[in-house]
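Below you'll find a set of structures to go through.
Next come two complexes, and both contain subunit A; in the first it sits with subunit B, in the second with subunit C.
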Partner chain A sequence: MFVFVVRRAVVSFFIVLASTALMYVLVALSGNPLKDLLEYNGPGREARIAARTAALNLDVPIPGRYVLWLQEVGTCVAPGGDECTLGLDRKLRPVLPQLDVALGSTMRLVIAATVLALLLGVVTGVVTALRQYSTFDYSVTFIAFLCFSLPVFWVSTLLKQYIAIDLNTWLQDPQMTYASIGLLGLVAGLIWTIVIGGDARRRLVVAAVAAAATSGTLIVLLNVGWFRRPALGIAGIAVSALVLAFLWSALFAGLRPRTRPVLYASLATAVAGTIVVALAQPLMAEMTWLTFGALVLVLIALGLGIGYLVGGHTRRLAMQISAVTAVSVVVLMSVDQLMRAYPALFKATGGRPMATTGSQTANLNGTFWESNLDLGLHLALPTLAIMLISFASYTRYTRASMLDVMNQDYVRTARAKGLNERTVVVRHTFRNALIPLATLVAFDFAGVLGGAVVTETVFGWSGMGKLFTSGLSNIDPNPVMAFFLVTAVATVLFNMLADIAYAYLDPRIRLR
Partner chain B sequence: MTDLRNDLPDDGPAIELAMGTLVTLDDDLAEVDVLAQQSVAARSSTQTVMRRFRQHRAAMSGFVVLVAIILLAFSSIGFGPVPGWWKLDFKIPMPLVDAGAPTLSVWPPSLGEHPFGQDNIGRDYFALTMKGAQQSLIIAFLVGIVGTVIGTVIGACAGYFRGWTEAVLMRLTDVMITIPLLAVAAVIAVSSKGLGGVWILGAFLGLVTWTGLARIVRGEFLSLREKEFVDAARSVGASSGRIIFRHILPNTIGVIIVAATLAISSAILLESALSFLGFGVQSPDTSLGQLINSYRSAMTTRPWLFWWPGLFIIAIALAVNFIGDGLRDAFDPRQDRVKA
Partner chain C sequence: MTFRRRFTAISAVAAGSLLLASCGSAGAGTEEPAASADEFADTITIGIEQAPDGYNANTDISNSVYNAYVDNLTQQNFTKIQPDGTIVANEAFGTYEKTSDDPLTVEYTFADDAVWSDGTPIDFDDALLTWAAFSGTHPSGEVDEAGDPLDLFHAASTNGWAEVTMPEGEAGDKTFTLTFTTPYADWEVLATGFMPAHIAAEQSGLSADGDGAELVAAIQGDDTAALTPVAEFWSAGWAYQENLPELPDAALIPTSGPYKYDNASNGTLTLVANDKWWGEPAKTNSIVFKTIDANEMVQALQNGEIDQFDPSNATSDMVAQLADLGDAATVETGEALSFSHIDFDSSGTGVFSDVAVRQAFLKCVPRQELVDKFAAPINPDAQVLNLREYLPAQAAYEDVLADVPTAKDYAEVDLEGAKALLTGTGATLPVTIRFNFSAQSTLRADQVALIKASCDQAGFNVTAVADPDLFTTLTLPGQWDAAVFGWAGSGLIASGQSIYVTGGGQNFGGYSDAKVDELWSQIVAVTSHEEAEPLKAEMEEQLWVNPYNVVLYANPGVTAYSSKVSGPGYNPTQYGSTWNAETWTKSLS
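Up next, the complex of A and B:
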C-alpha cells in the first residue's frame, strides 16, 4: 500500500510535469501577450512593453520560460517559500491570491454538483435496474440520453432566464390558482405512479393518493403563508427524523425480529437527536462552523452510544444506522435553520433571493445561516446545470453495473438459499455494483471542471473558469497555467484515490 | 446431434424455427439436415449487425432524424457553389416583418416568409441556422474521423507492440486525460484561429479527443493479440502491419464504430461550447454555438434566436447518441433479444 502510494506519487509527479509543459507550450503559442501594447500608440508605450516583458519573462525562449515558471511553482511547494506568486498576470498582479478566491467558489460548485449527481444518479440507477424495461426505466433512459445531448451553456441560460427570474417574481407574491395546484398534483401523481408501478389498480391508487397529498399540502402551505416564512419547526424535524430512521432501518437492516434492536436504536436516536436540537435552539443565532461541528459530533456520538446500548447482538449495524440517523437529524436541523433565515435574506436581496449572477451577495453581513443560505441559493442553478450530464452518466453506469451483478451466480445462490429480496439487493448486489463507480467519479472530475468553465461564464462567477477564459482571451498565460496546474494536480490525485478506493472495496484487486 | 446444434449460427427467429423442427423430428436426422439447410440462411456478421440495428426502434428514429437534418441543412441553402431550394440568403438583411417573429405555423401548415424569424438586422434566421448546422456538422464529423483514426492507431500500436511503445503512448494518454477536454480544446482553437476555417478547427479538435478511444482499443488489442489466429498469422510470416490491420483490427471494429459515433455527438457539444465561450468558430463565420453566443443578449426580446440553434444542437446530439446506443447493442454478441 505504502509502496503503491509512493510509486504512484512519483509517476503522477511526472505526468503533471509533462502535462503542464505541454500546456505551457500550447498557451505560449496561442498568442503574443504584447499584442495590445504593440498596437497601442499612447505615451509610455516602450516602458510598458519593457515592464510586461520583464514580468512575464517574454525575452526568454519558451522552454526557458517554462523552467522559470516551474521555479515559481516550486517556491510555493518548498517549505518557507515566501514570495510565492505563481507568476504575474498582464497587469503585473500576482496570480496566487486570484487563484485562492477562484478555487474556493469553483470547488463549492464542483463538489456540490458531484455529490448531488452521485446521490441522485445512484438511487435512480438502482431503481431502473431493479425495474428493468418498465415505463420508469424507459423514461429515465430517455431523460439520461437527453441530458447527454444538452449543451451546458444553453441549459444554464434557460435556467437563468426562466427558472430564476420567474421564480423570483413568483416569490414576491406566492399565490397559486386552484387550477395550477390541481395540475401540480396531477403531475406528482403521474411521476409517483411511474416510479412505483404495479398493476392498473395499484397505479390508480398511487396516483390518486400522491395527487391528493401534493395538492392538499400545497393548499395548506399557501394558506399559512409558508412560502413567505418557511420552516420545519421542531415538530417537523421530529416527524421527518422518525420517518427517516424507520426508512434507514427498513432498507439496510430489514424489519425482521432479529434486527428489531436496530430499528429501536435508530428511532431512539431520532427522538433523542430532536430533543438535543430543541435544547440547542438558543445556540442557533450565534452559530459558527466551530459550534456547528461540535453539535454534529455530539449528535453522532449520541447515535453511536444509543446503538451500542440498544443494539444487543446486532450492535455494529445498530451503531452504524443510528449514526446515519443522527446525521439525518443534523441535515433536517440545518434545513430548518436555513428556512428560518429566508425572510431576512429575502429582505436583504430586495425581494429577489434566487441569484443569477456571482457566487455570493456582496456586503451581506448576515448570520451563519443567512450567509449559508445565500451561498446555497447562488449555487443552486449552476449546480443543476453542471450535474445534469454527470447525473445521466451515473444513472446509466449504476444501472449497467447493477444488471451485471444481478446476473452473477452468487446472486442466484443468495436467492436460492432463501435470503429475502432486500438482503439480496442491498448486501449482495448493491455493494458490489458500487465498486466500479469509484473510477467513474475520478474520471468525471475533469469533465465537471470543464462544465464549470461554461457555467461560470453564464452565471458570472469569478471562479476558475473565469480565470481561464479571461486569461485565454486576453492572452495572459500565467492565470491560464494556474488553472491547468490545479486541474492536473486534482485529476491525478482523484485517480490515485479512486485506485486506492477500488482496492479497498474489491479484495480481488491488489495494489502493486 | 449436439454437433449439428453447435454448427447452427446462434441468431434470430429463423434459428428458433429450425430448432423447433429439430426437436419434433428427432428420429430422422437426414430430413432434419435438409430442413435446417432450407430454413437457416447464412448471414455475415455485417448483415447480422445491420439487421439488429434496423430492429432497434430508438436507433432507427435517431438515424432518420439525423439524415433528415443533414439533408435539410445541406439542401436548403446549398453548399459551396451548389444552390439550395431556400429562396433567401443568410448574409442579406431584409426589412423586419412583425419584429422578426417566426412565421412557421404547424396548423395550418405553412412556412411563411421567415419560418424561424429574423435576427436583429433582419437576416433570415432559417438560412442562418441552416448555415450554422452545416458548419457544426462538418466540424463534428471531422473531429469524429480525425479523433477515431488517431485513437485507433495509438491504441493499436500500444496494445500490439507492448513494451516501450505502450509505456510512452499510454503515459501520453494519461497526460492528456489530466487536462479538461474543453480547456485544451479552447487553447488549441485559439492557436488555430489565424489559420482560419471550420476545417482547420475540426481537424485540430480531433487532435485532442482521441484519448478515450485509444484506451479502449488498447484493451481490445491486449486480449486479441494473445489469440491463436494471431499466432497463426505470425507463423506464416505476416508482417506486424498486416496482423494489426487485417487480422486484429476487423475484430475490434464494433467498439471503434460505437466510440466514433459517441465522439461525434460529444464533438458537436464541444464545438458549440467553444463557440459559445468565443474560442471556436469566429464571426463572420457561423455555427450553432456561435449563433447562440452572438444572440445571447437578445434572449428576452427575441427568444427564437436562442431556441432554434439550441434545438438543432440537441436534436443532432440526441440522434447521434441513440444511433450509438443502437450500434452498441447491435455489435454486442451477447445480445440475443433486441430492445427498443
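Up next, the complex of A and C:
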C-alpha cells in the first residue's frame, strides 16, 4: 500500500511536470498577447505595450518564461522562500488570490450540482434497473440520452427564458386558468402512472388519483395566495416529517415486526423534532449559522436519543434512521423558513426573484433566510443546467452496473436462501453496484475543480472556468497555469484515490 | 396484484399528494399596494462586460473601458465631453482660463467647496501629483529594452503633459497654472485624472498634514527617494483584483464626484450618493455595475436584473433580440467613434505603391453595399464614411466634409473607371492583391468576399488572407497589400498624427505625402478646434487626392435600457453612456 502510494506519487509528479511544460508552451503560442494593444490607436500605445511586455516577460523566449514560472511555483513549495504568488498576471497582480476566489466560487456552484446529480442519478438508475424494459425505464432512457446530447449554453438560455424570465412574470400575478390546471393534473397523472406502473386498472386508478390531487392542490394554493406568501407551516412540517420517517424506515429497515421499533423511533423523532422546531420559532428571525448549527445538533441528538431508547434489539439501526429523520426535519424547517422569506426577497428584487446571472442580489442586506433564499435562487438555474447533463451519465452507469450485479450468482443465492427483496436489493445488489461508480465519481470530482466553463460564462460566475478562459483569450499564461496546476494535481490525486478506494471496496483487488 | 404492491403504490401516491397538499396551510396573502408613478427606485443597475480593474484608470496596465464608466460618476474633471464631442466646462469642479497663447498658459482654479468624499479639500497637491505622474520627468534610473529611460510613475500616456513645466504654487492653493513649452492642441481636455494626493502621501510614509506640504515639497524638490513609494502606490496601489471580488479599504478610494464607492463582490460594484458632493445631487441613491457576459445582457435586461447596457460589439442578432422585448426596453442606435477602413501597403514595390492602382481600388470597393449589409442592420441611419479625423457622430463632420470635394469622386462604384485606371498603369490584368483580415472575425471575412466580388470585375484578383495575427503582419511591409480593420477616433485634435505622417507608428503602409506631413506639423501646433478644422479639411482632401486608405463606415453602436429608466442615451465617446448617469431616474411602476 505505502509502496503503491509512493510510486504513484513519483510517477504523478513527472506526469504533472511534463504536462505543465506542454500546457505552458501551448498557451504562450496560442496567439499574440499584445493583440488588443496593437489595435489600440489612442494616446499611450507605446507605454502600454512596454508595460505588458515587461509584465509577461515577452522579451524572454518561451522556455525561459516557463522556467521563470517554475521558480514561482517553487517558492510555494520550498519553505522560507519569497511570498508564494504563482506568478503575476498581465496586469501585475498576483495569481494566487485570484485562484483562491475562483476556486471558492466554483466550489459553491458545482459541488451542490454534482452531489444532487449523483443522488438523483443513482436513485433513478437503481429504479430503472429494477424495472428493466418498463415504460418508466424507456422514458428515463429517452430523457437521459436527450440530456446527454444537449449543449449546455442552449439549455442555459432556455432555462433562463422559461424558469427565470417567464416564471418571474407569472409570479408577479400568479393565476392559472382551470383548463391549464386540468392539463397540469393530467401531466402529473401520466408521470405518476409511468413511475408506479402495474396493470391497466391500477395505472388508471393511479393516474386519476394523482391528477385529482395535483389539480386540487393547485386550486387551493392559488386561491389562498400561496404563491405570493408561500410556507409549509408547522402542520406541513409535521405531516411531511411523518411521511419521510415512514419512508426511511420502510426503505432502510423494512416494515417487518422484527424492525418495528425502528419505525416507531423514526416516527417519534418526526413528532418530537416538529415540536422542537415549533418551540424554536422565536429564534428563526435572528438566525445565524451558529444558532442554525446548534439547532441541527440538538435535533440530531434528539433523534439519536429516541433511537437509543426505543430501538430495543435494533438499536443501532433505529439510531441511524432516527438521525436521518431528524435531518429531514431540519431540511423541512429550512424550506419552510426560506419560503417565509420569499415575500421580502420578492419586494427587494422588484418582483423578479429568479435571477439569470450572478451569484447574489447586490446590497440585499437581508436576514439569514432572505440572503440564503437569494443565494439559492441564484444557484438554481446553473445547478439545474449542470445537473441535467451529469444526471444522465450517472443514471446510465448505475443502471448498467445494477443489472450486471443482479445477474450474479450470489444474488440468486441470496434470493434462494429466502432473504426478502428489500434486503437483496439494498444490501446485496446495490452496494456491489456502487463499486464501479467510485471511478466515475472520483473523476467527476476532479473535473468539478476545473469548473464549468460554459455554465460559468452564461450565468456570470467568476470561477475556475472564467479564470481559464479569460487567461487563455488574453494569452496570459500564469492564470491559465494556476488553473491547470489545480486540475492536473486533482486529476492524478483522485485517480489514485479511486484505485485505493477500489481495493477497499472490492477485496479481489490488491494494490502493489 | 398482491396486497403489498397495491399498498406500496397507494402509499406512494398518497405521500406525493400529501407532500404537495400539505403546502397549502398558509392563509390567503394580501395584495401589495401598487407603487405610484412619481416614486423613483433607489437603485439603477448597469450591465458592463468586464469588471473595472482599478481606482486609478490612468496607469499603463489599466485599460478597461469600464473604468471610465465608473469614473464618470466618481471623478470630476474641468471639462465634460458631450456625446457629439463638444467640450463643455464643468463649473462645479472648477474653472479654467487660457491666459496666454505664447507660451500657451492655462490657469485652473478648483471650486472653493471641492472636497474628496473623505472631506479633504481638492487643491494644489492633487494637481501637482497629477503633473508629476503624467509628465514623465521622474526617471527611475532603469531603462527598457530599447534603452529608453523608465519613469517612476507608470502613466498610460505622457501625451501633452510632457510639454508642461512644473506648476508653481504652495500646498493648499486652490489655483494652479499649466505652462506649455510647445503649443499643445488638446490642452482643453488635458487636465484630467486627478488622484487624491493625500492618500498617495499617507500610503508612502509622507504626512498628509498641511494640505500635503510634504508631498508638494518632495515633488518640487525632485526628491526621488521620497517619490519612489508615492509612484509605486500611484501605479499599483489602487489596482483591483481580477473580476473585482472586493474593493480596497474604503479610506483609500475617496471620490470627487456625485457618487462614492460602497462595496463590491464577484464583479458587482455598488456606488452610493456622495454625501460630501458639493454640486447638483445625484437623482438616484445608488448605482450598481454588474459584470455580465456580452451575450447574456439581453436576457438580464428582460429579467430586470440590469436597467441599462451598452454592447461593446453590437450585432444585428442582439438588435433583433432587443426589438423582441417590445415596449419593455428602449433601444437607441447611432454611429460610434470608431470606423472600419481598408489600409494599403503603399510602400516599396507593392502593387499599391502606384497611386493609380489605389485610385482604381477606391473606385471598385462597394462602400454603399458594405454599409447596407454590415452597418445598416444595426443602425438604420448608417452612412458611407468620407472622412477619417471627423466621424458622423461629431458635430463638425458635415462642415468639414463640405471642404473635401474629392470624396465625392468616389461616391459611386465605377468598375469601368477602375479598369481604365488599372490598364493605364501598364500592369498585366488581373492585378493580384493579398487582402488580409483578422481570422477571428467572420464579419471581416464576409466583407472581403463582397469586395472581391466587385473588384475582381474591375481587373483585380483579390486573394483573401485570414490572418491569425493581423497587427503583426501589418508591421511587415511587403507581406500584405490591403487589410481591413478598425480604428477608434479619440475626438482629440492631434492623436491621429502617427497614423498619417511619414514614418508614423501606425502608418503601417509606409504612406508618405509631403503635403500631409506639412499640414500635420501645423495641426499639432494649433490651440483650438476652430483653428484645426480648415487644416484638417485640407489634410483630408489630400488623403483622397493621393489616396491613403478606403474609409468604409463608422461602426454602428447601440445602447439599450429598461423603459422604466429615463435619462440614458447613446453616447459614442470613450466616456460611454454613464456620462450623465447621475441624472437618471427609474420609476417604480
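Note that the second predicted complex is superposed on the first by the 413 of 512 C-alpha atoms of A that agree within 3 Å, B and C clash if a C-alpha of one lies under 4 Å from a C-alpha of the other, contacts with A are read in each partner's own complex, and residues count from 1 in each chain.
Here is the rule we use: a contact is a pair of C-beta atoms (placed from the backbone, for glycine too) under 8 Å apart; a residue touches a chain by one contact, two chains touch by 3 or more.
Bear in mind the structure is a predicted one, so any value in this text is a computation, not a measurement.
Judged by the touch definition given at the top, the superposed model places A:161 against both subunit B and subunit C. Judged by the touch definition given at the top, the superposed model places A:31 against both subunit B and subunit C. In the superposition on chain A, A:51 contacts subunit C only, with no contact to subunit B. Contact with subunit B, but none with subunit C, is seen for A:15 once the two complexes are overlaid on the shared chain. Once chain A of one complex is fitted onto chain A of the other, the partner contacts of A:447 are limited to subunit B, with no touch recorded for subunit C. Set side by side, subunit B and subunit C differ in how many residues of subunit A they touch, and the one touching more is C.
Shared-chain residue A:457: touches subunit B and subunit C both.
Of the two partner chains placed around the shared chain by superposition, subunit C is the only one that A:43 touches, whereas subunit B remains out of contact. Touch criterion not met for A:266: it reaches neither subunit B nor subunit C. Annotation: subunit A residues 31, 157, 161, 457 touch subunit B in one complex and subunit C in the other.
Per the touch definition, subunit A reaches subunit B in the complex via residues 14-16, 18-19, 22-23, 26-27, 29-31, 133, 145-146, 148-154, 157, 161, 443, 446-447, 449-451, 453-454, 457, 468-469, 472-473, 480, 483-484, 487-488, 491-492.
Contacts from subunit B toward subunit A in the complex involve residues 171, 174-184, 186-188, 190-191, 265, 269, 272-273, 276-279, 289, 292, 296, 299-300, 306, 310, 313-314, 317-318, 321-322, 325, 339.
If you check the complex, the residues on subunit C that touch subunit A are 1, 5-6, 9, 11-13, 15-30, 32, 41, 43, 45, 53, 60-63, 144-145, 154-160, 236, 239, 241-243, 245, 262-263, 265-268, 270, 286, 288, 290-293, 295-296, 299-300, 302-305, 468-469, 471-472, 485-488, 490, 492, 495-496, 498-499, 505-506, 574. Residues of subunit A touching subunit C in their complex: 31-32, 34-48, 50-55, 59, 89-93, 97-98, 101, 105, 157, 160-161, 164-165, 168, 192, 196, 198-199, 202, 206, 209-210, 213-214, 216-217, 220-221, 223-226, 228-233, 235-236, 239-240, 243, 246-247, 343, 347, 349-352, 354-360, 362-363, 457-462, 466-467, 470, 479.
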